[in-house]
Amino acid sequence: AEEVTLQLKWVTQGQFAGYYVAKDKGFYEEAGLDVTIKPGGPDIAPPQVIAGGGADVIIDWMPSALASREKGVPLVNIAQIFKSSGMMLTCRKDSGITSPADFKGRTLGVWFFGNEYPFLSWMSKLGLPTEGGADGVTVLKQGFNVDPILQKQADCVSTMTYNEYWQIIDAGLAPEDLLVFKYEDQGVATLEDGLYVLEENLKDEAFVSKMAKFVAASVRGWEYAAANPDEAAEIVLENDATGAQTEKHQQRMVREINKLVAGSDKGIGFLDPADYQRTVDVLLGNASTPVITKAPEGAWSHAVWNISQGQ
Amino acid sequence: MQNVAVKAEPAAANRSAGNSVVETEQLSLTFQTADGPVYALSNVNLTIEQGEFVSFIGPSGCGKTTLMRVIADLEQPTQGRITVNGVTPRDARLNRAYGYVFQAPALYPWRQVDRNVTLPLEIMGLSKDEQAQRAAQYLELVNLKGFEKKFPWQLSGGMQQRVSIARALSFEPDLLLMDEPFGALDEITRDHLNEQLLRLWEKTQKTVVFVTHSIPEAVFLSSKIVVMSPRPGRIIDVIDCNLPPDRTLDARETPEFLEIAHRVREGLRAGHSYDD
Amino acid sequence: MTLRINSLAVFLLLAALSVVIDSQLGGFTWFSGVSATVALSIASLCALWCLWNGRGGAQAAGVAVAGLLAGAFVPLAAIAAAAEGQTGFELGVGLWLYLFALAFVAWRAMALLSDLRGASPQASTVFALLVPALFGFWLLYLWQVLVEGFGVPRVLLPSPSAIGEVMGGSTGTMWADFYQTFIKSVIPGYLMGCGAGLLVAVLVDRVPFLQRGLLPLGNFVSAIPIVGIAPVMVMWFGFDWQSKAAVVVIMTFFPMLVNTIAGLAASGRMERDLMRSYAASYFETLLLLRLPSALPFIFNALKINSTLALIGAIVAEFFGTPIVGMGFRISTEVGRMNVDLVWATIAIAALSGSLFYGGLAMLERSLTFWHPSYRRRGG
Amino acid sequence: MSGKTGPVAVMLLVIVLIWYAGAVYLNAPRLIDGYERNDTEWTFGQLTDDAWAMERPILPAPHQVLVEMNDTILGKKITSKRSLVYHSWVTISSTLLGFAMGTALGMLLAIGIVHVKALDKSLMPWVIASQTIPILAIAPMIIVVLGAIGLTGLVPKSIISMYLCFFPVTIGMVKGLRSPDPLQLDLMRTYSSSASQVFWKLRWPSSVPFLFASLKVAIAISLVGAIVGELPTGAQAGIGARLLVGSYYGQTIQIWSALVTASILAGLLVALVGVAEKFVLRHMGVIHAGGAR
Amino acid sequence: MQNVAVKAEPAAANRSAGNSVVETEQLSLTFQTADGPVYALSNVNLTIEQGEFVSFIGPSGCGKTTLMRVIADLEQPTQGRITVNGVTPRDARLNRAYGYVFQAPALYPWRQVDRNVTLPLEIMGLSKDEQAQRAAQYLELVNLKGFEKKFPWQLSGGMQQRVSIARALSFEPDLLLMDEPFGALDEITRDHLNEQLLRLWEKTQKTVVFVTHSIPEAVFLSSKIVVMSPRPGRIIDVIDCNLPPDRTLDARETPEFLEIAHRVREGLRAGHSYDD
């Protein structure tokens, strides 16, 4: 069988259910692939891993992937799994915030490590400097969890629809106590989990066909997960080597993820050039702290996806 | 020091009554070691009166140091009783009743010579001036002027020992415990210090307990010589020396002196194992 | 003696061999450029001179260093001259053999330098600094050549020259980071942690009950890893420097405690008896005997802690910070593929940590000069 | 031994009491906040009860941690991924390997530094500099690089442990190897003994007390290194992975039970070194000497 | 040991030619200390022939130990020349030419008494049996049978010193450097060891360099006595002693003995600062 190593963006969880399902259900095997899934973590940068030869294909968010491309890691999107963005900024109602206009002078929790680009673009659009002060916002580097909002150290924190938001709820705050700003609604949504490979590898036909098989099998996995969310969650739990995940949380996560994956009229995995263009526009719109300085070229390819459709 | 001052009257009374400074009764001490017990002292009965100069003499390893350490409350006897100044050695120690010159110099390497000498003075809270004056005085006495600012490891063996003597004398305790203080000194220096010590003793009426291996030294200095047997240390002879109080080194040629020396030597030899 | 002479002979032999190999194999002849040829000749001449004349002394050391510098230039020139995309063993097996040979020159130069004695104390200090400087230069040089020669991706490991560039280019950010981490978190945390360790050690030593009760538990508490403590401290003390200082306190406490307790037990038997004979109070014995003789141990802890403190503060910043600080920079810039900035920050950390340590070592030398490890007889 | 149990028990009790009080103090603001939002009446008694029974407390109460540990240590098969025994073993194995490698490296460096002047002068500053590099920063790179040359699993984690724990060994050993009295060294000189004889007969025995003090620090650090090493390997297994994932999902009880387990492990390891120390020192006869007099 | 064996022939030749073991010429040594130089030795000219027993005697701190250390290559002279066995002290040391008894016992606290004695034997590669036999023999000689398994800190001061003597004798070097070896011993033990050492010297024709503060000991043992002046150490007198070779301790009563002793004492006194 052909070997494929996939580097995840984060630890084993429902966010990556499709790949685990494909592996567990033998979809990869059927496609003649032997897939190794490497979980990520807080200080694993998938672009670095692929540049170092530790993976054939990685999952990354597009802003980070495009920024890496400018920094000399020529990543190319071969399939876009998530159609829509799950990012939001979640605020406490009792902080008095009612709209983005109230952010001035507030403290906001943000993830860094390449995940801050959408936030910076948004703030730039709002005209808010991120260096603190009365006219700007004070930014905290948010850690692993949502404690800052629970402890009122921050007025708002970054959350994903499928994960951190529910942690706030689990910690005892009710949805009524919270106000959420979805990036999708604010018009600053950027593309999230997609599959990326190194540009030079795409010149190799064998590699392209291998990736096509991989994408096709992964998409099968995602379709299965969409149909059987609870079973998918179960599979994720089985693959979690730490044994620390809980069933309730993962089932909920898979359901939320399915919402983000769905919605592409050409089927799961198709990168809509319009979505791509929107992401690039958002990123280029950020004048103060540029994520990318010019519109990238050759940052995506339908070559793999097209072949995968034939499988 | 201060304690002693307070007790001045009873002390005077003691002296006239010939009250004892050290008194032991059936004192024994056994060290437990990995390969069996070592019997260091066995049934030692000894009385040392106020103002006496008592020398211990005995073969190497017989228990002289151990006996001194018991008096100083640095070692606990396994049997028998002992009092120092009428109280337990512990209380005596807490009253700062004695000064001790160890067999090895035991100087602190991070202190210069003069600050080694002032160490006990600092502890007893003397003023800086007093400390400096005493250090100068006693370093002069042991002929170490000019070496005040050296570190111990920059001195010869004999010089280190003299620093340790100066340190013990500096706080002028009423009871002096001296364990082979002059062992590493040449004859001339030794004679000089012998005389100095004798003068000091006569002048201040201190009680001195002294360990030496030199029979002439013991006879010259002491008012009483305690001869000990080899392990387990027992007292085999107690010899009174009554040489004239204002004696000089020449006294070592007198017949009485030689007679006492002879008796000590005989006592030593009697207990000694080489004669087997 | 024999070893020294050999090391240069080994260099000449291997260097010759490396040239022969690559001219025979007929690949990239890395030694053929004009500047490379000149540098190679200079290096060989220096080595030969040292072989014949260089028993030791400043002159021999100078020539050896000059030879090393000339010899080190060769691979750099070769790599610069290589065709685009030519990396690794395509550059010639001999090139790497030559680099290995050069290590012998470096070793010889260091050995010669470390035998030098300055005429004045100042000169001696300069010489004492030259050796580690040369060693550091050699490490950086190897790094540069290997990274460039093997074409290691910049996002994986940037070359020292790239790191240097970034350092020069972003001094403002780096100073702000340094101030936040070192001045605000490390120093207060270090002082509090070491102070507390010392005090508790004395307390534990004084109160046997604590010694028996607290010390075994201390072992357990000590072992809580920072990665576990840091998030908790952020939870308790907030995002700013206070939580980092708290982590530093916890990290530095145990080494100080253990070392001080060991140090307090290190004074000799007779020295302690002497204090007993003075009926010195516990406090006097502590101050006059036991703390001085514990000093070497205490410094041991101070030195270990100086590095732990910096690591602790930096790692604690991985778990939530305001957006400034060395740990923040290191933990986030990797994700943005600014690996050179990360290494620049690491370099600053290493530099400030080393200086901190060096200062302590100097203080130690002046306070524990009497310890046998510093005492040379006749000195 | 029996002389210790009493004091330890008392101290433990004190700590537990402080812990309970701390749990109330730290958890209360969120609870009170909740009460106020829901307009519930509350009493102090209710507050403490709630504070000790929260699902995601800031500081869990000791019994919550104990229950969790009981579940995950005794309540699961030790081969199960949910068993803390399994995770502890994963961590311990890389700790021990790292400790062994670190000790060996530390000793070798110390021996080199003490015996070779050029090494003393050139290496020491860099050994120190190496420790000022925050390991968590380069750990991912180490993992990536080693992964690229095919080393995965135990070894990369152990290398990180080794990197952390060789340092105290080197420092302590250098100090210890240089601790003999000048006179003791002179004695060896008079025998014109070789460097290795001086080493084995003098330097090594006098460094043993220093070595053990360092080893105790080193083994605790080595555990920290193993845990740190588990983070960038994608949190596959081990106590570090439990900590990380626990943090990520805000499961404080799980974090604390991993923390407590880690510290118990470390305490046991340190105690083990302590036992070895007692044994060796007694065997060498220096245990009563109170210094080399 | 082995080196010496190889050189057996030239050594024998040396002896007959009265070749010198130690030869110094204008030897000076100055210690640099924080508060100025200490002049320890000044222009020392000395020749020690093969088979001689030479004693150094002089006031405390005059430089005796320093001179011994220079011979043993433990200290570098700042001026002048010295050869040992015709080569530099360094080469002599590398040839294991001598055994040294330090002024302090310098025992290794982690080794039991017998293993302290076998230390040099281990280094010189003797067989285990030979080591055990030698340790037993020399511990017996210094009268420490029964203490083989004790640790140094379980011994009295004198016993420690005897262990260190046994250690130096055990490997039977041709040149013995002894720095106040018997300083901490009682008279009887000391006499015993004096006789033993004399026998050993006569039997083996070793060269012995000896520091002592006891004039009778020096006269009794030596074939040559070197009297040194106080700092800076200079040689002020070299006295030949030609007491009969098979002398016993009784020789100390003979007139020749007393005369030599007198001369030594005068020499010492002449240089001594107490006479100012």
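Observations, loosely collected:
Order of writing sets the labels: A, B, C, D and E. Residues in every chain begin at 1.
The rule is short, and it goes like this: a contact is a pair of C-beta atoms (placed from the backbone, for glycine too) under 8 Å apart; a residue touches a chain by one contact, two chains touch by 3 or more.
Keep in mind it's a predicted model, so treat the numbers as computed, not measured.
Under the contact definition stated at the top, the chains bordering both subunit A and subunit D are C.
Taking the CA centroid of subunit E as reference, the farthest chain centroid is that of A. The interface with the greater number of C-beta contacts, when A-C is set against C-D, is C-D.
As a whole-number value, the distance joining the C-alpha centres of subunit B and subunit D reads 52 Å.
We define each chain's centre as the mean of its Cα atoms; on that basis subunit A and subunit E are separated by 85 Å. Contact of a single residue of subunit B with at least two other chains is seen at positions 34, 104, 153. Shown for subunit C are the residues in touch with two or more other chains, namely 156, 231, 235, 268-271, 293, 318-319, 331, 334, 371, 375, 377. Counting only residues that touch two or more partner chains, subunit A has 42-43, 45, 48, 52, 143-145, 147, 151. Chain contact summary for the complex, subunit B toward subunit C: residues 69, 72-74, 93-96, 98-100, 102, 104, 106, 108-110, 119-120, 122-124, 151, 153, 171. Across the interface of their complex, subunit D is touched by residues 107, 110-111, 113-115, 128, 131-132, 134-136, 139, 156-157, 209-210, 212-214, 216-217, 219-229, 231-232, 235-236, 254-255, 258-259, 262, 265-272, 293, 296-297, 300, 303-304, 307, 310-311, 314-315, 318-319, 327, 330-331, 334, 342, 346, 349-354, 357-358, 371-373, 375-377 of subunit C.
Looking at the complex, you find that subunit D touches subunit E at residues 181, 183-184, 186-193, 197, 201-202, 205-206, 208, 284-286, 288-289, 292-293. The touching residues of subunit C, when paired with subunit B in their complex, are 268, 270-271, 273-281, 284, 288-289, 292-293, 295, 368, 370-371, 375, 377.
The residues of subunit C lying in touch with subunit A in their complex are 153-156, 231, 234-235, 238-239, 318-323, 328, 331-332, 334-339.
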